[in-house]
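Chain lettering (A, B, C and D) follows the sequence in which the chains are written, and residue indices restart at 1 in each chain.
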Amino acid sequence: MKPFLKTLLFLCIAGALALPWLSPPVYFVSLLFIVFMYVVMAESWVLIGGFAGYLSFGHGAFLGIGAYTTALLMNHFHLSPLWVLVSALPAGAVAACIAAVIGYPALRLRGPYFALITLCFAFVMELVVKNLDFLGGPEGLWLKAMGIDVGLARGIFFEVMFVLMVVTVLTVRHIEFSRFGVGLKAIKEDEEVAQTLCVHTPRVKLSAFVLSAFFPGIAGGLYAYYLSYIHPETVFNIDISILIVLMALFGGGGTFMGPIVGAISLSLINELLSAFLKAEYARVIYGLLFVVLILYLPDGVMSFFRKGKSADT
Amino acid sequence: MTGILVLQSLISGLMIGAIYGLLGVGFSLVWGAMKVINIAHAAFAVLGAYLAYALLKMFGLDPVLGFFVILPFLFFGGMVLYRYLIFPVMRARDIVVSSMVLTFGCAIIIENLISLIGSPDPRVFTTRYTGKALFLGPFAFQLPQTVGALMALGGMAVLYIFLKKTHTGKALRASWQQPEAARLYGINLKRISMIAFGLAVASAGLGGIAMGFVYSFDPHTHNLWLIYIFLVVILGGVGNVLGTALAGLLIGLLNGLSLAFFPYQWVNVITFGVLILILLVRPSGLFASEV
Amino acid sequence: MLRVSDLSVSHGHLMALRNLDFHVSEGELVTFIGSNGAGKSTLLNTLSGLVSPQAGSIRFEDREIVGMTPEQICGLGIIQVPEGRKLFARMTVLENLEMGAYLSAARRQFSRQLEVVFDKFPRLKDRKNQIAGTMSGGEQQMLAIARAMVALPKLLMLDEPSLGLSPLMAEEIYEVIQDLNGDGMTILLVSQEVHVALSMADRGYVLENGVISREGEGKSLLEDPAIRASYLGI
Amino acid sequence: MKGFKAAGILALGMAMILMGSGLSVAAKPILIGGSLPLTGKFAETAKWIERGYRYWAEEINKKGGLLGRPVKLIIYDDESNASKAVTYAEKAITVDKVDLLFGGYPGTAARAVMPVAEKYKKVYVSMGGHMKSFSQGYTYSFGGPPLMGEWWYLGFIDWMKTIPEKDRPKRAAVYTMNNPIGASLLDSMKAMEKELGIKIVINEKYNLPLPDATPLIMKAKQMKCDILFSNGFFADGVMTMRAAKALNYNPKAIVQGVGSVIPAWTKELGKDGDYVFSGTALHNKLKFPGNKKLNEVVKKRWGLPAYPVYFGFGYCWMQTLQQGVEGAKSLDQTKIRDWLKSHEVHTIAGNFKFDKRGLPKPYNYLTQVIDGKVELIWPLSVRTHDPVYPKPHWK
């Protein structure tokens, strides 16, 4: 890496870490909190969707599972709000466990069938939570407000989400170049061939799927607190699942950089458009963005940066 | 008494299921033939419904007839979409993924243009036969639903016959099965794909009108319809017209049965749950993929 | 009838064909032999317009066809029976034949041509409603040739017609090819079965790593010691 | 690692958004901000609320403004997403530094924004998120007027009491959508059963979208239910009505949740939408000052005979906020809150005194769609048309 880029990256990280303590308008902290959450989600998705080529259309459900687990833990044990930072971890674990239960049979399915079963799973989760009164049912759940200044609270959560994002990105980056990652990519290329190359495909796929549910689970716990009021239609919303996929693909689905670029650029562009344009026009331009991007860079934003390196293959 | 209720639920479930089938057919063909996932398919369906609605309101033209007026526009629109947006990106490494992102953008554009030009209000078709029903013994066939279902069956039959019997239809299938050989024998892939895309969009419009006989619609509705499309297409086998039709009927049947036997709030859970079970038992869908 | 001069084709950075010069005259049976990867299929695909050449010219009946689309070339009467047959596997025999006669000129004469084809391959007539993918390899190859015949070929190009067939079946196919040639059809045959191909052909070309290394009459090439050594294992 | 080039571009993007948002800060006018679902699922309602807000601002600016300062609205589009609504509320508060926060729709978004308003100590006047969110102890939230599912059928119940017992329906079929609004509507069903002695024979919840209404009507018909409560939105309401007509199901009354009060109901259903009862917290034919003028404005600008409820709601929430500000003679949020909790406000929906929770006394009007118009039936003092009961059979 060029020293210039290294410095820039360092400055970005330092800037992000310092941001909440420079007392900017809380909105920026919140906005970036959400952006980081999407990076965590899209980055996790890439593990299974990008590397292994198993397009999961239900990944938003793990966010919801995390959010609900945290909210239930907090409300059931009457924990003080700061505990949310701790209870988000078991939320990640619960999401991972559910992913294991779902993934074990579902990962036998290939291509569109896997996409469909994950989509159905996300729907069933939303509906079941809506139907069960002990989970809040159609009313949703409220979380207690933290007893401290709202700016400070947002700041703390921002830092935690930032750390979670860094951990997720580093994990995925590490995996991309590890044996595990190579195994996943082999599965994407040709699963039968991967098997003959001594990749234990069911185990590799399942591990990737479980891991890709763990981080969103934690993020969901933090998100629940951010919202203070959670409802199945908000945290299990199928739009979240689809947005994650789009973000990863927008950036270019096959690498760890793609989702970062996709999640950040899409969130910020959308925010910019809404800030300057009338609602529907903003949406039309947002739609055009996808069309134009694919017309000029059919393989996502990151392919632009890779083009210089190697010839089109 | 409950027996009648069960059968009644089944009847209307099947009729609605047929409409889901039609909605899915075009999507399925385009996916099976060109590996293009057209997320905007449902948006075109909603567009079709809106155009038919406009004709109904302005000229009192029945939506069934209205379809024939808007058919050329939709067909042409589909061809233009293929020629200028889809065809240039066929060079993408993964056309499935790239086409998804591209057409997602198209769907958003269509949704918001409808909202801008019309309004975001929900609409329903009101025709002479709205709110009427045919009674066969104790069973009621709501006329709008029946018309929708007949349109669906008719549309699917036309499409099926077109693919199996006509020269162009056979050329379409040939070019999907063996694109290279098709070119060797003089089939122009680009032109034939444009025709296929135009047909798919036209069938979406017809499906949208049929849906409009059963449900109300607003510019945002396509998000919901797309899910039905996804369900029937994958279950029915990508590219498989008959399979898609049967999958639509199956989903209608499931809905009808669960409405008859379970508390309503669990209906969708049961439908989706059964679909999950079906997929687990038959990991590659109910019917084979083909074109 | 067909005159190719100075033809070069590249796949990315790889030169697949280099400076080919050859011709096929009316009524001839010309064969290209060579090992796997020598560029034989690339050659046929270039002639058919599926691959565009980097340099050179291809003249067919005194018309330059470089730059024409495969559809136009097909319309001129250069018809290829591709390697691996590439039948429309989920369509019936009859439908496959209809697709062979896709262009309107061929379509007008389809019913007459169909009789000719069915005369030649009575087995296809019996099975005209069978799904092509379910037939045996030999029948599929016959269908592939029949499909090309209904396209009204002036120059019929066959790519490895005996690939994957039993020896008996292969022999039958070669008989058919010879027969067609006997009826006056100009044929360009690409094959790895050097012995059979050369003994049938009027003239032959040897393709090695994208270059024509030898050419001559079929019989004389067959006796060429170098060819005997590298292709016939004698 | 050429990929990191992207990081630079992203940093640039972030810088742009920082600057972009800074631009909209203006000094002089009173800023009122927040978000509405201008696109997506709830776009239709939000559009009318926005028009209500804008008309209110136009009117007050003509009169010389609020506290002598002009008002300026900053309306963001939250795309019908509650999470975005939260972020935009924070943007309005912390970036645009709005002086006042306006209320939002729908139920879940309002529920999610109420805690934000509380944290930043901003008075928040909206439809509220029904009773559950007013019992969370928020002190800055007001429903002025609220859309309370729990009270939605109060008018209906009171009116039904005037019907001789022998003419009242006996058996009710209740179909309710499974969401916050549905859940609160269900609450009023209990009161209905207790006070009117109507037996609930069928009590089913359904998740939106409703796949098919035929079995619902068939069942109600078979169980001889002579009153139908269809506690839903427009889409499911329309399906239910059409199925009822097609299956020739003729109960004594059909009561619709919140679908029949939006303009699309009468516009799209025509005669088939007639005779449906519903509740409302606001109506364009109420005699309170201002309604007449609003009706004229809506007629002139959008060609509708009278203003749609959500236009009125938007306007009315602003009226409440305005009176709070004028009463407190300050933009200090706590003062506004305290003034609102101790004084009466006069709006187009009536005069309200707010209790500790921020709610007025339980009230609701009964409406019935008659000849394509939403008419007021109860209380008697506001009646604009005699009720049509029992419902005539389908033609």
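Going forward, a residue touches a chain if its C-beta (ideal position, glycine included) is under 8 Å from a C-beta of that chain, and two chains touch if they have at least 3 such contacts.
Keep in mind that what you see is a predicted model, and the values were worked out from it rather than measured.
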| task | Provide the labels of all chains in contact with chain A and in contact with chain B. | result | D
| By C-alpha centroids, what is the most central chain here? | B
| message | Going by the touch criterion at the top, tell me which pair is linked by more C-beta contacts: B-C or B-D. | response | B-D
| Most remote chain relative to chain D, going by C-alpha centroids? | C
| query | How far is the middle of chain C from the middle of chain D, if each middle is the mean of its Cα atoms, in Å? | reply | 75
| message | On a C-alpha centroid basis, what's the spacing between chain A and chain C, in Å? | response | 54
| message | From the mean C-alpha coordinate of chain B to that of chain C, what's the distance rounded to whole Å? | response | 43
| message | What's the distance between the Cα centroids of chain B and chain D, rounded to whole Å? | response | 34
| field | Two or more partner chains touched - positions in chain A | value | 127, 130-131, 239, 280, 283
| query | Listing for chain D: what residues touch at least two other chains? | reply | 39, 178, 205, 207
| request: Would you please write down the residue numbers of chain B that are in contact with two or more other chains? | output: 112, 115, 265, 268
| said: With touch defined as at the top, which chains are paired up in contact here? | reply: A-B, A-D, B-C, B-D
| What residues on chain B touch chain D, complex-wise? | 1, 4-5, 8-9, 12-13, 16, 112, 115, 119-124, 126, 130-133, 140, 142-145, 214-216, 218-220, 224, 255-256, 259-260, 263-265, 267-268, 271
| chain D to chain A touching residues, read off their complex | 1-11, 13-14, 16-18, 20-21, 24, 38-39, 76-77, 79, 81-83, 86-87, 90-91, 93-95, 108, 111-112, 114-116, 118-120, 132-133, 136, 178-180, 182-183, 205, 207
| field | Contacting residues of chain B [partner chain A, same complex] | value | 85, 88-89, 91-94, 97-102, 104-109, 111-113, 115-116, 223, 227, 230-231, 234-235, 238, 265-266, 268-269, 272-273, 275-276, 279-280, 283-285
| Of all residues in chain D, which touch chain B in the complex? | 39-41, 43-44, 47, 80, 175, 178, 204-207, 209, 211-212, 214-216, 218-219, 222, 234-235, 238-239, 242-243, 245-248, 263-264, 267-270, 272, 394
| query | Inside the complex, what are the residues of chain C that reach chain B? | reply | 48, 50, 69-71, 74-75, 79-80, 82, 86-91, 95-96, 98-100, 102-103, 106-107, 147, 151
